[in-house]
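What follows is a pair of complexes built around chain A, which joins chain B in one and chain C in the other.
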Partner chain A sequence: MTFSLEAVVVRRHARTDLDHVDLAGRAGSLSAVVGGDGAGKTTLLRTLVGALTPSAGQITTPARERIGYVPASSGVYPDLSVAENLRFSAAAFGSRGEGRDMRTRELLAATGLTDARDRLAGNLSGGMRQKLAFACAMLHAPDLLVMDEPTTGLDPMSRSELWRLVSIALGSGTAAVFATTYVEEAARADHVLVLDRGRTLVSDAPAQVIRDLPGQVVSLPGATPEHPSWRRGRVRHAWIATGPPPSEARAVEPDLEDAVIVKALAARMASLPEPLR
Partner chain B sequence: MSLLAIRELVVRFGSTTAVDRVSLDVAPGEIVGLIGANGAGKTTTLRVALGIERATSGDVDLLGDLPAHQRRRAVGYVPQSLGLWQDLTVAQNLAFVAAAFGVAEPRLPASLAGSARVAVADLPLGQRRRLAFEAALCHAPRLLILDEPTSGVGPLERSELWDRIAEARDAGAGLLVTTHHLSEAEQCDRVIILLAGQVAAAGTIEDLRTGHHATVVRAADRTTALRRLDTAFPAVSLAGHDIRVPGAPLATVATALGDLAAELDTAPATFDEVFVGLARQT
Partner chain C sequence: MWAMVVNEFRQMRRDHRALAMMIVLPLLMLVVFGYAASFDVSDVPVRVVGPQAEQVASELPDTLAVEEVVPADGEEEGRDALVDGAVVAVVVTSKTGEGRVLVDGSQLFSARAVANGIAAEAPALQVEILFNPDLDTSAVMVPAIAGMILVFIGTVITSLGMVRERTAGTLEQLSVMPFRPRDVLVGKIAPYFAIAALDLLVVIGVGVLLFDVPFNGSPWLLALGSALFLLVTLGIGLLVSSVSENSGQAIQLALMTLLPQVLLSGMIFPLEAMAAGIRWLAYILPLTYFVDISRAVMLRGASIEAVAQPLALLAVLGTVVFGLALLRTRRDLVPVRRRTRSKDPGPDPGPEREPHAVAP
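Presenting the complex of A and B:
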């Protein structure tokens, strides 16, 4: 394993931001951390890169200088040019000389930023800035790449470009972890960890999460009071925890989005007092 | 009749054409998704529709008239930044918006009832988004424009926010939603894709996916396969053990792999891959 977190707990200001969370990944693997605002995604990533010290639990990661980190703010310096940002990152990681220059040229070409090398990072589009942040984090060819919501604000084309770059990094043996609020993005990962208020809601390979879905998911024309349902386009999907589905129900092939919603519903029901379930 | 009808809209800034002959309609009782690359002309189109920006040429009809400040009374708008007062409570925010529009204060929905006296700054994002909807809906707008209305929230909360959006649609409002994400686009009755200032495609999400495929490659030597495919095709990426090559026919992919042992299959394109395909055609 390139990295592992075991039963990690992070408490801050009398609040538990992470509650016994596990995550591990080997070389070349992609892990997705999914959750909404306040789920603990950033806390988990910051703990992984050593920016936060956990209150309890075991953490194994490569040395700090073998980790690349793209924070949610992208972390590039707006007043420096593209080339200056890369040179600064290289200096921070102690990389210099011919090796650095070659790696910089490679990354500029791969990210399509060669012609923008003299532009100020602050003047780049969101997609270009995110690619620059990726290049800065990959300059020292880290063993572990950690990205906090790298696709937020990116259009589908810039997103495809970013995933292409991440794929090349995975192919060369880097383990990567990224946070997202969109389940659909986690479908490409080898492992998906869904957090809900600091707790693990789901942790498995995406296909396994779907296979392990309790009960069944059906499609209904409208909402019913008997079964919890959620909107998927022009139909509703409903979760039949036990028993037969209503007669108007149609079977559907659940996807990861359905599976995660079912897990969230099941957890919510389990937290209700008995008579309300 | 359309609430918003845009015909052959052109907007030029100096020598740059931001919007190039875009036509679109939003009718009562439908959710239209506006999806586009950054810089594709989405925001400019919306600004013209709201009367903030001027058209270079073309026709814009907002609620039966030219876009003007007066029309805005019948339009609700929820920006990315939500436009709420951070220092005011939930109840104060709603009271303020209701007073500004001269309408009765709306009742708080159940999900916000317990937070009436909480300052917006202290509210979780999902509740803040919900409040922004209620504020935009309190004057019963006929047209509602939402900018990535569920970004940043978890999957269950997202589906609950979409219930509220669909409720407004079912009550007869027309909605125009800008987004970059499949989980939002699939909730729209139809979507319009803008690329380089032009409408590149329009229809339901299923319509748009039709005819777009990816070749899926599974190779024991993933690294070499990836290197060879990335050299030959754009937007190649990993999904678990598989390498996805959007828009490339199986036979071409097989040729690019050369002597490398691999299993190949054809799969429907993902939402992002459809975009890559459309961008290549444009």
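Presenting the complex of A and C:
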């Protein structure tokens, strides 16, 4: 395994931000950490890269020189140009000479930033700045790439560009972990970890998460009090935990988003006292 | 409109720093201007030397507070005492009863008080002003302004530079990069140190060339004092940045450290004219010691022995303040692995891996 977190606990300010969370990934794998606001995604990534001290558990990562990190804020210097940001990252990771120049040229071309190399990072669009952060993190060809919500605020075109770049990195043997609030984005990962208030809700391959879905998911014309339902585009999907579905229900092929919602509902029901379930 | 007023009060209540500025600053101003803002020096420490010292000492005007009467000493020892800053004036007496008063011109207001007091009450005594014969204000202000500039760059600009890293999210990025914390800190403050040093050269150069401020002492001694002083101001800058979340907070706090130093260090109002309680406050401010050193070295040509005490105090202040700043900044910069990695918790994972375990 390139990295692993085993039974990691993070307690801060008398609050448990991560509660015995496990995650591991091998070279070339893509892991997604999914959850709502305050679920513990950023805490997990910051603990993984060493910016936070875990209260308990064991973490195995490549050496610090072999990790690339893209924080949610992009982490690039707004007062430096694109080229200067890349030069600083190269210097920080001890990359120099012809190798550095070649790698910089490659990354500038891959991220489409060649023409913007002299522009200040602070003047770039959100998408370009995120691509610059990615280029800075990839300059030293890390074994582990950690990205905190890399596509938040990006337009669909920039998102797709960024995932293309991540695919190239995975192809070269880099293990990548990213946090996201978009479940559909997590579907592209080899492994998905869903966090709910610091606890593991789901941790498996996306296909397996869907296969393990308890009960069945159906499409209903409207909300019903008997079955928890949620909006998916123009229709509503509902979870039939036990028993037959209502007559008006139509069978649907559940996807990862349905599976995650069902898991969350199941966990919530399990936490209720018996008479309320 | 009422909603706006209530809203503003609510925000104000939660902005503790602004609240402190609104309450503490006026109080500080009141205290400073009430007890410290005075140019009138009433007690000037004086030494009387020479054969008629005992007799002359009893006839001196009230402004001159005779601290020592040393009949065995002569003019040379008197001048040495002035260079060392031991007293502000030395009355040199001769066997014939004639007397001369040597006055330290680097202590502008005290020197003026001596000159005025002698002229009014003991006109027979001859007054000679040393180190700043024309009692030029610029001669005493330039060395002090050099200190103020070091405070400005060391504290205000440095704190802004560090806070900028935090707000841009680059501080976290630095903490996970393969830098040692001291690399980050030294790399971060070295440019400010260099710019402050350059500014110091410019201020002193302009002072000497344009305002004819004398430079009688060793430049190396002033450089040593400046370096120690910069250590304190940079430490304060780092401390300010470590407790500030944005530039506005950093500027507020930095100004709250700058203002008392400018008002109470003796840069503008003479320490001798301040009330005793306020004067003690001045003695915990680093600029007080720098002003002391820079005036002593530049104007009086003081030796290292003469300024050993302020140098030592700056070194102590620098060590304490910079040490505290390092501890606080380290919290943001030291990655987890360095703090928790020590024992390999399991089988050797290979040279490329960095495992770390924390006991529950």
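Note that the second predicted complex is superposed on the first by the 277 of 277 C-alpha atoms of A that agree within 3 Å, B and C clash if a C-alpha of one lies under 4 Å from a C-alpha of the other, contacts with A are read in each partner's own complex, and residues count from 1 in each chain.
Heads up, the rule we're going with is that a residue touches a chain if its C-beta (ideal position, glycine included) is under 8 Å from a C-beta of that chain, and two chains touch if they have at least 3 such contacts.
Quantities reported herein were computed from a predicted structural model and do not represent experimental measurements.
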| item | value |
| --- | --- |
| Contacts of A:A27 with chain B and chain C, given as first, second, both or neither | neither |
| First, second, both or neither for A:V235, with chain B first and chain C second | neither |
| Partner contacting more residues of chain A (chain B vs chain C) | B |
| First, second, both or neither for A:Q58, with chain B first and chain C second | second |
| First, second, both or neither for A:L120, with chain B first and chain C second | neither |
| Touched partner set for A:P71, first chain B, second chain C, both or neither | second |
| Partner chain(s) touched by A:S158 [first = chain B, second = chain C, both, neither] | first |
| Partner chain(s) touched by A:D190 [first = chain B, second = chain C, both, neither] | first |
| Complex contacts: residues of chain C adjacent to chain A | 164, 168-170, 172-173, 175-179, 335-337, 339-340, 345-346, 349, 352-360 |
| Chain B-touching residues of chain A, taken from the complex the two chains share | 28, 30, 34-39, 125-127, 152-161, 163-164, 166-168, 170-173, 181-184, 187-190, 196, 205-207, 230-234, 257, 260-261, 264-265, 268 |
| Residues of chain B that touch chain A when the two form their complex | 35-40, 124-126, 151-160, 162-163, 166, 180-183, 186-187, 189, 205, 222-223, 226-227, 230, 234-240, 243, 246, 271-276, 279 |
| Contacting residues of chain A [partner chain C, same complex] | 9, 46-47, 49-67, 69, 71-79, 92-94, 143 |
